[in-house]
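Please see the structure below; I have some questions.
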Amino acid sequence: MKKFINKTDDILTESLSGFALAHHDLVSLNLNPNYLTRKQKATSKVAIISGGGSGHEPLHAGYIGYGMLDAACPGHVFTSPTPDQMLAAAEAVHADKGILFIVKNYAGDVMNFEMAAEMLPFESATVLTSDDCAVINSTYTTGRRGVAGTVIVEKCVGSLAETGADLQACKALGDKVNSRIASMGVALTSCTVPAAGRPTFDIDDTELEMGVGIHGEPGRRRETMREADTIVTDVVTAILDALKPASGSEALLLINGFGATPLMELYLIYNTATRLFNEHGIKISRSLVGNYTTALDMAGASVTLCLLDDEIKQHWDSPVHTAALRWGA
Amino acid sequence: MKKFINKTDDILTESLSGFALAHHDLVSLNLNPNYLTRKQKATSKVAIISGGGSGHEPLHAGYIGYGMLDAACPGHVFTSPTPDQMLAAAEAVHADKGILFIVKNYAGDVMNFEMAAEMLPFESATVLTSDDCAVINSTYTTGRRGVAGTVIVEKCVGSLAETGADLQACKALGDKVNSRIASMGVALTSCTVPAAGRPTFDIDDTELEMGVGIHGEPGRRRETMREADTIVTDVVTAILDALKPASGSEALLLINGFGATPLMELYLIYNTATRLFNEHGIKISRSLVGNYTTALDMAGASVTLCLLDDEIKQHWDSPVHTAALRWGA
Amino acid sequence: MNSSFILTSADAIQDAILQHESELESLDRAIGDGDHYINMKRGAQAIVEMQPELAALTPDAVLNKIGMKLLSTIGGASGPLLASFFMGMAKVIKEKGNTSITSYASAFSAGVDTIRQRGKADLGEKTMLDVLIPVANQFTALAAQNASAKEISTALKLTAEQGMLSTKDLIATKGRAAGLGERAIGHIDPGAKSCQLMIEAVCNLIQ
Amino acid sequence: MNSSFILTSADAIQDAILQHESELESLDRAIGDGDHYINMKRGAQAIVEMQPELAALTPDAVLNKIGMKLLSTIGGASGPLLASFFMGMAKVIKEKGNTSITSYASAFSAGVDTIRQRGKADLGEKTMLDVLIPVANQFTALAAQNASAKEISTALKLTAEQGMLSTKDLIATKGRAAGLGERAIGHIDPGAKSCQLMIEAVCNLIQ
């Protein structure tokens, strides 16, 4: 393992401190418990708080700011944050209209946020994101994982909250956006959790992991490495199976890098995916290409499709000013 | 080599096509010769054209748009573009006030842009960027390489050009900004040129390359891997040696990932570098952290310091609307 | 069960976790995300470091403090679950006192129930509950039969081991491995393994 | 030198480049950026593909078209330099005609001079010029002495080889390797190697 780190125990603090320094105009950092808030506390709006294990940067701290999150609670690498973080963050950003938690659907995240919500002295609601269609949904499981589509949910809900909408409306929009998103990822290499010091999984130079999770969780199957077009075809097919969009649908296409994949390859994937979706009658009218929900140093990428309607488009297009997403401001 | 590609010969076209699709509101793509321009042609301003080998994305196409470039000419991977590209791009974006080429200082880029300038039917000037202080300058060599500092030069010159400033003023600002920048990079792994199919250099799991170039060129020396703080200390020292900034100077700090380095590590580097520069009396008042000038899939990062003055600050802060840098718009 | 027994148990648990670093790590790498050992280690260490401040407290207060500390230290799935266990236990000990083996057994069962509620999981879902539920049941049964501490500890170790091994052939329907379908088969659940280790470590203190 | 000889040379050059893939690639990997073989291959292929449209042209027009094609095909440092070579040669052939060995030699020298001007480099800077300058000088000298084509081709091959090998012990002061200082020592310059190969390939056509 070669990484730019000092002691593995200090990575998180040092990296968060660097983030807070680099974006001191946008965010404030609290250590112990760890959470970040907007520099300028918003007033009279639903406070949107997200969080999760670290290692997915810029998720979530990179999305703090006008039009998106009010606070983020970073856990240890790949480990959900603890309720004391959410409580302290909520205390700091509560602005009289309740707290909306946006939580990726993992047992750990769900339970930690749930316990926080139970202890919270404010009204709260939770949107669970569950866009990873690599996980075949079944009534016996806890359902699909939340992956890169979370960024879209955070953007749209964040936008609505800025208008002064109430907690239930924000939750409803979050649930709706989530229900219109499907994602699937492919890994070419494993990530390495710094404290573990070695790759989470072994993968050969001739293999890929189809349907990998953003923590390097095994996916649908191990496959032989192939050219981009057939890989992307399989991913697009899985997404179409999950969303079953009507021909003529309008969509946002997000090609997300897991951390070690060059932009050049992400745009190549975008090119193929757009063509394939177009062939299925889907019009791609919004795009996002880059490292938005990463898995440390994993080489690989995920494709996310979000079916748009006028409401979602409006909230996607509205101004946002965060470290990692910024437009109109 | 595992990459998301189809045929190595088609990577460039497919990736550029994906880029143009994803940012169709911002850019237009011409293939054969390959160049990209703003969607909306600007009028009555110096047209700013940059270009260079591909593999450094988002450099340069990602910086096309209001407040930055008018056009970019992407060469093959790590190979400078050819004069016909620059000529066609210049023809497309010329807006009555001449052409300013921004060229990274490599023999190939310099010669190809020079030949284009000689054949050009318009007035032109060229700013050579040469911020890589890993290369010890000497009167016998062609001097330092242009690396991530190029982004800062493009941003500032692009801003000035928007005001209607003339060619000489734009060139003068570019030269000034370039003279106030120093960068140095460190590689933990090699990049792999797709057409070559294997790593450009061999590097052990216990080694790093200090002063690496953005094409994987060997740097100052091969060293034993160490903790981040001592690596960053060496890089910061080299930068201070090169710029010799007065105590009390104000600066922009850019921590640039080479393509496969997680944001978490880049922010950790930012934290250390800021502390070290502060200890030398330098105030970091502007920041940029992310993959802005990459070397394909290389793991590694570079540190760039740009000494600010009021003029540079004004042009750095002014609105910009490109695929990879956007604010105030 | 007095407070000093709990503190001694914490030391024994920490030892057991530390001694199984590579096993716990590889189990969570195989069907999870590789952090389970680190999470358990962080939790155990936090408790051991708290010992001075715990020593003077009553057993139920100790258990409760341990739960709160784990809750704010471990994170992930195991954090709130193990925290729930100790907080659930604390409640019963506070009510029933800490003198009889029956009260220990019912406290243990209450702890396991709290995990069950928090995780919305049950036996056979390839989680730590595949160790904890059988152990809780057997503990209750043996306590009702007035079995000796020695008999109980020997039996529980065996049951924990069996429960842990039983997860190997299961498909997971809760937790991170639930995404894997058939691919989870053949791997022991990391949380089941660490619970088995903890039970073994505490049982070994009872001779 | 008629046009068909130039076209045959292009084939021979392409063969020589393709046969040295791994050598050219590793040289540029060692002290450059690894693309020199790909660049040369792309250039050679473009010229070979142009043959139908070149066949009917005069030698100076052929050389000029080759130069223009290389300029828009190769890129990098080698592109404008090799392009300059052919364009410089074309100018002299156009002026002096394409009948005497002396005119070939002066055309070759003119080509090398154009490279020199474009690259602002000279002998001893660890570039292709370490092959081209000695070859140009010797070509001019032998042509003045009325040496036979066979003698000249044998001599030039040897000189090209020596020039290429001479780059091994040099520090580079031009081109990408100029950043390396002492670390460039021990490596042959990739551009010098490909020029030596091209000269050898063409000389081999002259028996």
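Per-chain residue numbering starts at 1, and chain names A, B, C and D are given in the order in which the chains are listed.
Just so we're on the same page, a residue touches a chain if its C-beta (ideal position, glycine included) is under 8 Å from a C-beta of that chain, and two chains touch if they have at least 3 such contacts.
Everything quoted here is computed from the prediction, not taken from an experiment.
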> Where centres are the averaged C-alpha coordinates, which chain has the largest centre distance to subunit A?
Replying inline: D
>> Using Cα averages as centroids, what's the distance between subunit B and subunit D in whole Å?
In response: 32
> What is the distance, in whole Å, between the centres of subunit A and subunit D, each centre taken as the mean of its C-alpha atoms?
Replying inline: 54
> Which parts of subunit B, given as residue numbers and ranges, touch two or more other chains?
Replying inline: none
>> Touching at least two other chains at once: which residues of subunit D meet that condition?
In response: none
> Could you list each pair of chains that touch, in label order?
Replying inline: A-B, A-C, B-D
>> For the complex, give me every residue of subunit A touching subunit C.
In response: 33, 53, 75-84, 106-108, 111-112, 114-115, 132, 134-136, 138, 140-142, 145, 193, 195-196, 200-201, 213, 215-219
> Which of the residues in subunit D end up touching subunit B in this complex?
Replying inline: 25, 29-35, 37-39, 42, 71-81, 83, 118-120, 172-176, 178-181, 183
> In their shared complex, at which residues does subunit B touch subunit A?
Replying inline: 2-7, 11, 14-19, 21-23, 54-55, 57-58, 62, 188-189, 205, 208, 225, 227-229, 231-232, 253, 255, 259-272, 274, 284, 287, 289, 291, 294, 296-297, 299, 301, 326-329
